[in-house]
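Two complexes come next, and they have one chain in common, chain A, joined by chain B in the first and chain C in the second.
After this line comes the complex of A and B, so read on.
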């Protein structure tokens, strides 16, 4: 990300520490919890952590693109709600594969619709995008409620085969859970897309300075459509991983995912200012967020306090990010 | 007209200030006498504004001492410096448009004034004392620039200011308003108030300043009583060398028509049509806000403009976006380098390669070696001073940043180059290098449209100038053979029509 050349040794140590503060925090957190509560290292807890990891990492990877592109997407909660209830309801009438494809397409369409709203209204600041996507989120959630009549749908109500979803939820390939294997594949693809392709570069330039990028002939509108479509698509992947694991889909299943995803991206070290960041950093951010709630749970900290801790960490991460820029 | 008092109100000793990559001030020393008007002249980037911002507490000095009214000044804030009797009136004026005149004069001090009645009464008194008749109940947004300046002066007086700094106050005043201002300045001097008057209009300096300081490249070059300066001496000291060497010769090989623009019409522009020739530098002259930037943005497709025609080599091209313009062979250096030109946290390399992404990608994938080649080629060709192509472009000096933008476009070899304020805020040496580049581009058969707020620059670089006033082209001139006054007359809209 940054070059450490031509600086004093102390400054380099400081810079590395700031850049990879998350890794240090993850290690410290794991070590402390393992000492206080031996259950942390148990196989059951590890599986638990891996499972929780699945949905959030998918949503966060998509969110990383939106944030690198200089925008933000609060609509993922609504997208998850809609995709989850629609996909699960289609398994029986349409069959598994068409249901899966439809679900992913709805997610991508929701994302593309966000970008269309943003572009057509000319609301090209992050703050405006924040409110627009918040509005879109309520719209998608409302559709989810209307579609499902507010009721929760369960796997056991589905009479036909649902083997794909069952294996996403609990299957394994070799030593890995299926959802973890999906994560590895998706991560590799997105990393190459972000750092090695023309589109990825145009997204970074758009996030770095939209005006300058546009005046240099960079296709910023296209970049905006791409980031939101990826964001929506990845929210759909997250939704499918999520309801496959818990085998039910309620129309409010996605609540909180937007803030957790933003938290994970920012804590990972991708700047909210846009332009710089990486999907790899987001993996670290998600790990920290999941480990933190796992540890706090094991240590018996109340849920209310956990929310406060999360908020404090987000504030701290943004504060640190701003200090780095200054 | 000699100084009324002889004691020193402000003493600056060896003050230095650096910004990353730039030495803005280098051991600047300066004394301002009580009750004098002290003119400071210098080109853009000479350090005048930096010095004033240190005095008013916006910046902190790196080294040196400042003594104001017998008190050493260390780590002040703008508020503290105002309280201590040092007021600064910025070019862009610092008033709250949605509040009344009286409220602006005593902003945040209504309690001390015993409420609004006291506020308006006291404001009236202050305004009367400088002969200003504007009602204290009027909204500031409804005032003219000159009236706003008077409100600023009244505000300064309300703090019992002993020193008032005026930063280019005349830049948007009419001749009549200027006379008013001079009257007020003379009156303030009689009351024993010192004034630092910053300007690059030499007429004003010779008109009413007592003492003149010349600054250049962050140094104080000379301070003398006005009467001891001759006009030529002042200019030579400002520019640093004989003026003949400031610009390279104009391009010599002007050919046939390269681009023709037909009838650009927007709410700001009216029937803009002109031709641009091969090998030519065409200058657009006009006031800030006259529509110069809007014209070139329309040609480049940066703003949504409909109904006009652009012909290159006689063939019509459709330019609906900067991307279209780029593909049609048009390059663009925007007026605000930092906001519109560069992605500051990104490397020199990726800033240079921004316009030529297609050239370093194969099947949609980036080839790092190709990109590095582009960066290094342009850095070498333009002699950009940077430790490597990987450092953030924000670390470079203004001139080198500007070269990166030039290099970005040279990489795609545009035939038409639009340059909006290409030398704004960069030092004299780098300016000359940019001028040489412009000349080279033109000699290679390209053409340049040049916009600059520095009149000498446009007049000395261009083969031909168009004057723009209130969105209309008001004249076409050969700057070599036309008296400057004629061009200015057209640019100020004083006489319409082409010659």
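After this line comes the complex of A and C, so read on.
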């Protein structure tokens, strides 16, 4: 990105625009909606947008590492289902802090299990990982159903204190919502991990070219364990933010998060081929997805059509990503 | 390892014919279970309920053999099913069905353009296409099931000829057609060559783009047909049926032995792979296993068989 160097001004503008297409799209989308619908710029709507940053951004941040590493993770839906029902059910018998820790540990364990399955089978392509993690997702979802007997659990059934989860769901820290503050902290940590640590660089190299990375002495097996564990852990964080906000946990609440997370990561500009990308780009991707549904809501487009628009944007973004490579 | 010994040939058989062995195990197991599994009615019913997935799998097999895959079939399935019912309000039944299948062909054409002509990653682009079509299906139906009113339409999926259900007959015809295409035509042979090595196939003078593109068109058309049959069988069109279908069918094809590496596999293998799922459903129902455990078992079977598939490939290449 720093190699715009000695090209003509117009070429530089073109290159920057190509690299930051998402940012340009966000700006354009915001400008158009603000003109058409004045409610868009209202403080209430801004708070609304900030709230929506919750679960999806957490899952997407984890997915970013998996995709940078050259893999993919469909199991986040199952992980969210499992973590949500287990955590909410443990609040009363164990107290809230142990429940929270257990939930996060289950998420990380699910991710580590995925990596164990992938490593032991020797799956190296994204397609193989796709189907393995799809199978794992089914298994986790089945465990969630078995654990909860298929029933939905509600916050108001919990008699003991649940203040942590209530504040995650609706509390504020100064001008920010708690979930947004958590997001900022997590983003900072992950960004430092990605760009300033050896492990972060190893993930990038693994995604770029596994053979070359292995020959250069990169511990690619370790990198694979790390990316899936982060993916599972972040799915657990997402699950906790999700059920705290909607105050219920059903064993099916994670459905669709896997596709939406992949969508956000790819739209943000992290390439599916692996090796390139950043958590900051994912934030832009999520922002675009959220802004888009916010705009479509304000403009009165039905939720069903929004799914179609999302699909269209995903197809378009991948196509564009591919053209950049060529 | 002794590459000629019985042990090795057994190892190769297990890794190559996982689906077949799984089916044999289930068949033998059911001999002792004392259920009504071995009745003509049950076996035919099992085939009948797997037919639609089988029809889907034949098209998907072609895309996977050519080195791609098709995850948009779930979306095509629901949209064309809904179209077949909705269009009957404005045109005769035959024409509506034709339009629904043509829709599948058109989506397959677009998939082919994006994957083959524009060289995008097939599984993610078709996943996006599936998402797009699910949204379209929800919009078309307002997320409510649409009932069909024409009894003739219902008979397509529920009637039978001489005791054999229509769906099984249509499935058998599709099987024969796609088997012939893959085994005895230039198109089929070229598809294997393309999956084996894209560049070598290109330099040998095969029109790689057109051939691979056609595989996606066929897959879309098969999904369109399957959508019509599903709507007819259930007498409703709804946006929810396709949710997991695409992943299950693609998994089934791989379970059968058609490899994602491309160039390996075939239509009969895919039929076996999908039958594993159909038979597993049937057996689990016969043994009165509750639905949550059924989901668990299915997930475990998917992981186990794909794991074996990857593991067999790892043995064949040098692991970095």
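Following the convention adopted for this analysis, the second predicted complex is superposed on the first by the 324 of 326 C-alpha atoms of A that agree within 3 Å, B and C clash if a C-alpha of one lies under 4 Å from a C-alpha of the other, contacts with A are read in each partner's own complex, and residues count from 1 in each chain.
Here, a contact is a pair of C-beta atoms (placed from the backbone, for glycine too) under 8 Å apart; a residue touches a chain by one contact, two chains touch by 3 or more.
Remember, predicted model here, so these are calculated numbers, not experimental data.
Contacts of A:123 after superposition: chain C is touched, whereas chain B is not reached.
In the superposed pair of complexes, A:186 makes contact with neither chain B nor chain C.
With both complexes placed on chain A, chain A has more residues touched by C than by the other of chain B and chain C. Residue contacts after overlaying the shared chain place A:49 against neither chain B nor chain C.
With both structures placed on the common chain, the touch criterion links A:312 to chain C but leaves chain B unconnected.
Of the two partner chains, chain B is the only one that A:197 touches; chain C does not reach it. Contacts of A:211 after superposition on the shared chain: both chain B and chain C are touched.
In the superposition on chain A, A:142 makes contact with chain C only, while chain B stays out of contact range.
The intersection of chain A residues touching chain B with those touching chain C, taken from the two complexes, comprises 211, 214-215.
Every residue of chain B that touches chain A in the complex is listed here, in rising order: 300, 302, 321-323, 325-327, 332, 334, 339-346, 350, 354-355, 357-358, 361, 364-366, 387-388, 390-391, 408.
Considering their complex, residues 74, 117, 120-128, 130-132, 134-139, 141-143, 145-146, 150, 210-211, 214-215, 220, 259, 262-263, 266, 272-273, 302-312, 314-315, 318-319, 322-323, 326 of chain A touch chain C. Across the complex, chain B is touched by residues 3, 5-6, 195-202, 204-205, 208-209, 211-219, 275-276, 325 of chain A. Against chain A, the residues of chain C that register as touching in their complex are 69, 114, 118-121, 123-125, 127-136, 138-139, 142-143, 239, 247, 250-251, 254, 260, 292-293, 295-296, 298-303, 306-311, 313-314, 319-320.
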